[in-house]
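Questions regarding the structure given below will be posed in turn.
The letters A, B, C and D name the chains in turn, as written, and every chain counts its residues from 1.
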Amino acid sequence: MKTTAIVMNEPGELEVQEITIPDVGPDDVLLRVEVTGICGTDVHMYNGGMDLDFPVVPGHEFTGVIEEVGENVERDSKGTEIREGDNLSVVPAMDNDGTDWYSRNMPGRPRLSENADRFGFDNVADQYAGGMSKYVVLPPKSFYYKLPEDVPPELGALVEPISVGMHAFERSMQPGHPHIREGFGVGQSVAVQGAGPIGLFAIASAKAAGAGQIIAIDAIDERLQLASAFGATDLVNLTEYEADELITTVKELTAGNVGPDIVIEAAGVPTAVEQGIELPHDGGTFVEVGHFAYNGEAEINPTRIVQKELDVLGSLAYPPTQFESAIALIDQLQDEVPFGDLFN
Amino acid sequence: MKTTAIVMNEPGELEVQEITIPDVGPDDVLLRVEVTGICGTDVHMYNGGMDLDFPVVPGHEFTGVIEEVGENVERDSKGTEIREGDNLSVVPAMDNDGTDWYSRNMPGRPRLSENADRFGFDNVADQYAGGMSKYVVLPPKSFYYKLPEDVPPELGALVEPISVGMHAFERSMQPGHPHIREGFGVGQSVAVQGAGPIGLFAIASAKAAGAGQIIAIDAIDERLQLASAFGATDLVNLTEYEADELITTVKELTAGNVGPDIVIEAAGVPTAVEQGIELPHDGGTFVEVGHFAYNGEAEINPTRIVQKELDVLGSLAYPPTQFESAIALIDQLQDEVPFGDLFN
Amino acid sequence: MKTTAIVMNEPGELEVQEITIPDVGPDDVLLRVEVTGICGTDVHMYNGGMDLDFPVVPGHEFTGVIEEVGENVERDSKGTEIREGDNLSVVPAMDNDGTDWYSRNMPGRPRLSENADRFGFDNVADQYAGGMSKYVVLPPKSFYYKLPEDVPPELGALVEPISVGMHAFERSMQPGHPHIREGFGVGQSVAVQGAGPIGLFAIASAKAAGAGQIIAIDAIDERLQLASAFGATDLVNLTEYEADELITTVKELTAGNVGPDIVIEAAGVPTAVEQGIELPHDGGTFVEVGHFAYNGEAEINPTRIVQKELDVLGSLAYPPTQFESAIALIDQLQDEVPFGDLFN
Amino acid sequence: MKTTAIVMNEPGELEVQEITIPDVGPDDVLLRVEVTGICGTDVHMYNGGMDLDFPVVPGHEFTGVIEEVGENVERDSKGTEIREGDNLSVVPAMDNDGTDWYSRNMPGRPRLSENADRFGFDNVADQYAGGMSKYVVLPPKSFYYKLPEDVPPELGALVEPISVGMHAFERSMQPGHPHIREGFGVGQSVAVQGAGPIGLFAIASAKAAGAGQIIAIDAIDERLQLASAFGATDLVNLTEYEADELITTVKELTAGNVGPDIVIEAAGVPTAVEQGIELPHDGGTFVEVGHFAYNGEAEINPTRIVQKELDVLGSLAYPPTQFESAIALIDQLQDEVPFGDLFN
């Protein structure tokens, strides 16, 4: 079928065009896009920073309403029944084809496989448009999740970036023995460096999971105020402290002055990594999510990682199932947390 | 020093006496008991079901106010600063002496060691009274935790039984990979069999940790109403269903009709075990906490454990650190959950 | 293409026939079967115990030599390069189609999904023959692993049942903190109930992983001798003891007399389950693998699971990657362990 | 009692003296030291690099024969029965006093607590001598393990440094799901950077645990030969390659050319960290053990940790129970691995 879309013919060049997407088959769902978020990745793409096979219809953070459900389709990827008119949030990366080393050997980390088609990044000729298309066809190998009735549809476009922050937070849960502080549990303390969207979503994830203390660190007071609204219990403006003083300040906020159990670096600057490794108590966890893109080298003293017996855990995107938890998070926190403020 | 206490001279015989407890040393804390909970275990003791060295001052669920702080004591067991007038909740089991196999080899499960003195169960001659004493001296090898200012002191007596329900719930978090449903995460589904205190606390724990769906199962509607107030999202009165129908009913409440991710047996009757093993989806987790005391044998088909590739996890009491999380739970949920109703 | 195969037209009726299998495409591998193992499952099938869509070419434990490699195929499922003449061991279950709840939500446990084609169990019309065919075509969605040069091809037919025993053993490794005896590590103690093939392979797995003590329990001395050859360090003939005496005997073999860290039930009889739950030390692990098929109910006292704070873990078949470890196990142990004796 | 010892009065000054150690009480063991290892830490101490309360009797890697067993002592710390004449290996750090934040909150990582007395580092006035004393008294709060009869006593002095290498290796086992490559399992691949003692012991640990491939990386061929004797299957002399070429070379040794599952940095130089983070496949694990002491900063690109979704795990010393596994390792490998060569 034909639909209208904003096409990026090459980096820096956007154009409204009529494009061809697949006809809706019995195993597919036809989605009318309602909201598409734009993030740093789209800007990066526009600026030529991504090696893609153009032309592409951008938009990897999108939500929409079901226009048509193929006759064999009864449920979304979580198993919830769906029908015309339901709102769906769509995972950009589809199921990989199952044949590369990563999908065979590390099925728990689907994002490591590079054999997946992706809405918002694939060539228009492949007929997988992104969220900047009026309609998108969702094939069986794609992942889509119904939004609960009481969740406003526009929040559906936040499910993707929430998944990034939430996956980073969930990296800290391994190996699931919170009573000996090996893995996260209710009442533990979390510090988040950076109160941009990713940091805010990490904060909300910690709140949803029952963190007892959430320390937000940023350079801008307004962002810290937003962090507070997202669940931070303690706010630290880093511009008010010298380097060592910042570490001490954060530690002194925690019981026993030992430092937080978990620290999440969502600032994306090398200094934040250098500071972040000092923040958790010995035996704690440092999650690195902020450096998706290169932003310079960090000077690390490896002896600190040994002496603190630290877990430093990288976090890349999210598995599709993270959408289930991200939607649950919105559902639980939407009355308390001003998600809508992020659209301004 | 001398204090007044209710002494159980032998099972079935209680008497108010003046007893001797240690003088408060520089490493000790003197607690004036304010509230002491009574539970099935105390009844069991009174009925002669426990093999103890009487006379004993009962009371293992107690809270009080600090009357005196030894000069070397600055912090509670979590590291929070304490002073006279603060409210404390006290763990009945003290630190074991570190010399038996369990404390040497399984330090993450202190309750398995039997070399620990215990408030509420030890002989009065050992000078460790229980909560039915006016004063209790807390030596350095005991664990005590400050209640936050905004938590009403009487809730402190709930910290002990909450720890039982919460530890049961936290058993399901292992190994901490919620995105592949190996371990619990925000948005997952939990069913709790039995809406007595332990079940209610397991429900509240699941709520605090961000469960997306909490199914309470009990025989009495009033208890189910309480379960709802504690966080249950779905209520199932088992008396309304035949055996198999109950299983199907619970499964149909969950997305995909597969059954909940985690099932916690807090009913304490063998039938509940037989039903409970059927409830979780394949690859799910069944936590057994209800059978602290013998209540008959359950007839299990081991093939179901194989075919479902189930994790069946026993849960015994709690480690002392569970008090930290239990207090955090009260702090987070006290405005929503009617903890006080349990005192009636 | 055409090939010759033994076809089970219906339970109890085997016949040699010419059948059609797919032509070898550019993404396929053509295997000339060399050895096919027969196990209890085949007997079960022959006796009508399995609900299959007959006619079927049986044989799910097979190995063979590559006759032809499709032009796009370079590597086996582990990533090892392959060529004509190499020996392969083939996983009966292929990749599931990725659309059911289990494959979407529990990608780490592929066997829970029922949407997979299977060599040895599918209808001949589906063109997936089992190992009782002269030739088998391996499509890209199947899993096959190259045998190391120094492994005799006939041992390749053992990779499948070894995977069953090994997966059962590996269930005990969760959550990977052996130094506090949460999960298995070098030097720990394992007891295996039942010294049939599955038990023997569990024993060999424990040996390969560095167990310090492996206690084999069986009723027949000859089997215990074989267990010793497979790695058991202690042999217990259960017919020599009364019930409780058996438990005590096993416990007294272990350091501290506490009982083994891990117990694997590979006998498949309900009594073994009842005994097995008593064997591990408190806080230990009991793996249930023996009851693939129904063999009666076990009478369990749930209080023991609570008081021992046991992990009872069901083990169902294996994920395809278990073939990688099973082949590694053969490779490491073949000079010490008489795998060939199992063919008699 | 009196005994003779080598006393370090201050850094750089050693003297043979008669010292006082406690009389052997009913809960103690008297050990006649037989072998004491000297390592970099002793040299560091001698050179004034450690802030200790001198005079000290050095020696933290020691083994000896039991001269006298207190009447209440029946078993070693693992629970094995002991008697006069048995050989013991002694953990330098004793049980901490249980009162600091780390011993209360992280009982699974006893080394993080600083409240422990330590043989080999404490002031002579505290009466805890190190291995350079003729006799050492082992109080109940110390950890000591019987050597199996067939282990030559001198190997007992290796148990301590083996524990360092083994703990580093075991850090990679978390969370114990080897079949999805989350945690180590039989058949997986390990690379070890640095073939000094720590690296060699990490190699032997990987071998004992069933690694399928062990790649040793060092600058000196003789050390690589020793690595081979300790279990390495592939040897890489880093001086033969440019930086990037080294990475590629190691990756190409592994199946699928993806890189090893686990990399252990036991070289102790910053470049090794920089290289090491590149070596494992995406989603793999990098264990940092080499930088016990400061040796300069490493320049890390945090984006690599994100994009590879790496686990970087620091490893500090070992918990006392590591001695159990280290002794098991010697017991299992002593016929294959030339442990004795390390004494030259």
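We adopt the following convention: a contact is a pair of C-beta atoms (placed from the backbone, for glycine too) under 8 Å apart; a residue touches a chain by one contact, two chains touch by 3 or more.
Note that this is a predicted model, so its numbers are computed, not measured.
Colleague: What's the rotation angle, in degrees and to the nearest 5, for a C-alpha fit of chain A onto chain D?
Modeller: 180
Colleague: Roughly how far is chain A from chain C, centre to centre by C-alpha average, rounded to an integer in Å?
Modeller: About 38 Å, centre to centre.
Colleague: What is the distance in Å between the mean C-alpha positions of chain A and chain B?
Modeller: 35
Colleague: Please list all residues of chain C that touch 2 or more other chains.
Modeller: Chain C, residues with two or more chain partners: 78-79, 101, 105, 107-108, 174-177, 180-182, 256, 258, 321, 324.
Colleague: Line, ring, star, complete or other: which describes how these chains touch one another?
Modeller: Graph shape, chains as nodes and touching pairs as edges: complete.
Colleague: Note which residues of chain A are touching chain B in the complex, please.
Modeller: Within the complex, chain A contacts chain B at residues 75, 78-80, 107-108, 166-167, 170, 173-188, 205, 208-210, 212, 254-258, 318-319, 321-322, 324-325, 327-329, 331-332.
Colleague: Under the touch definition given earlier, write down the residues of chain A that touch chain C in their complex.
Modeller: Result: residues 77-79, 95, 98-99, 101, 104-105, 107-108, 110, 140-141, 143, 174-177, 180, 182, 320-321, 324 of chain A touch chain C.
Colleague: Inside the complex, what are the residues of chain C that reach chain B?
Modeller: Touch residues, chain C against chain B: 101-102, 105-109, 111-112, 174-177, 180-182, 256, 258, 265, 270, 273, 281-283, 288-295, 297-303, 305-316.
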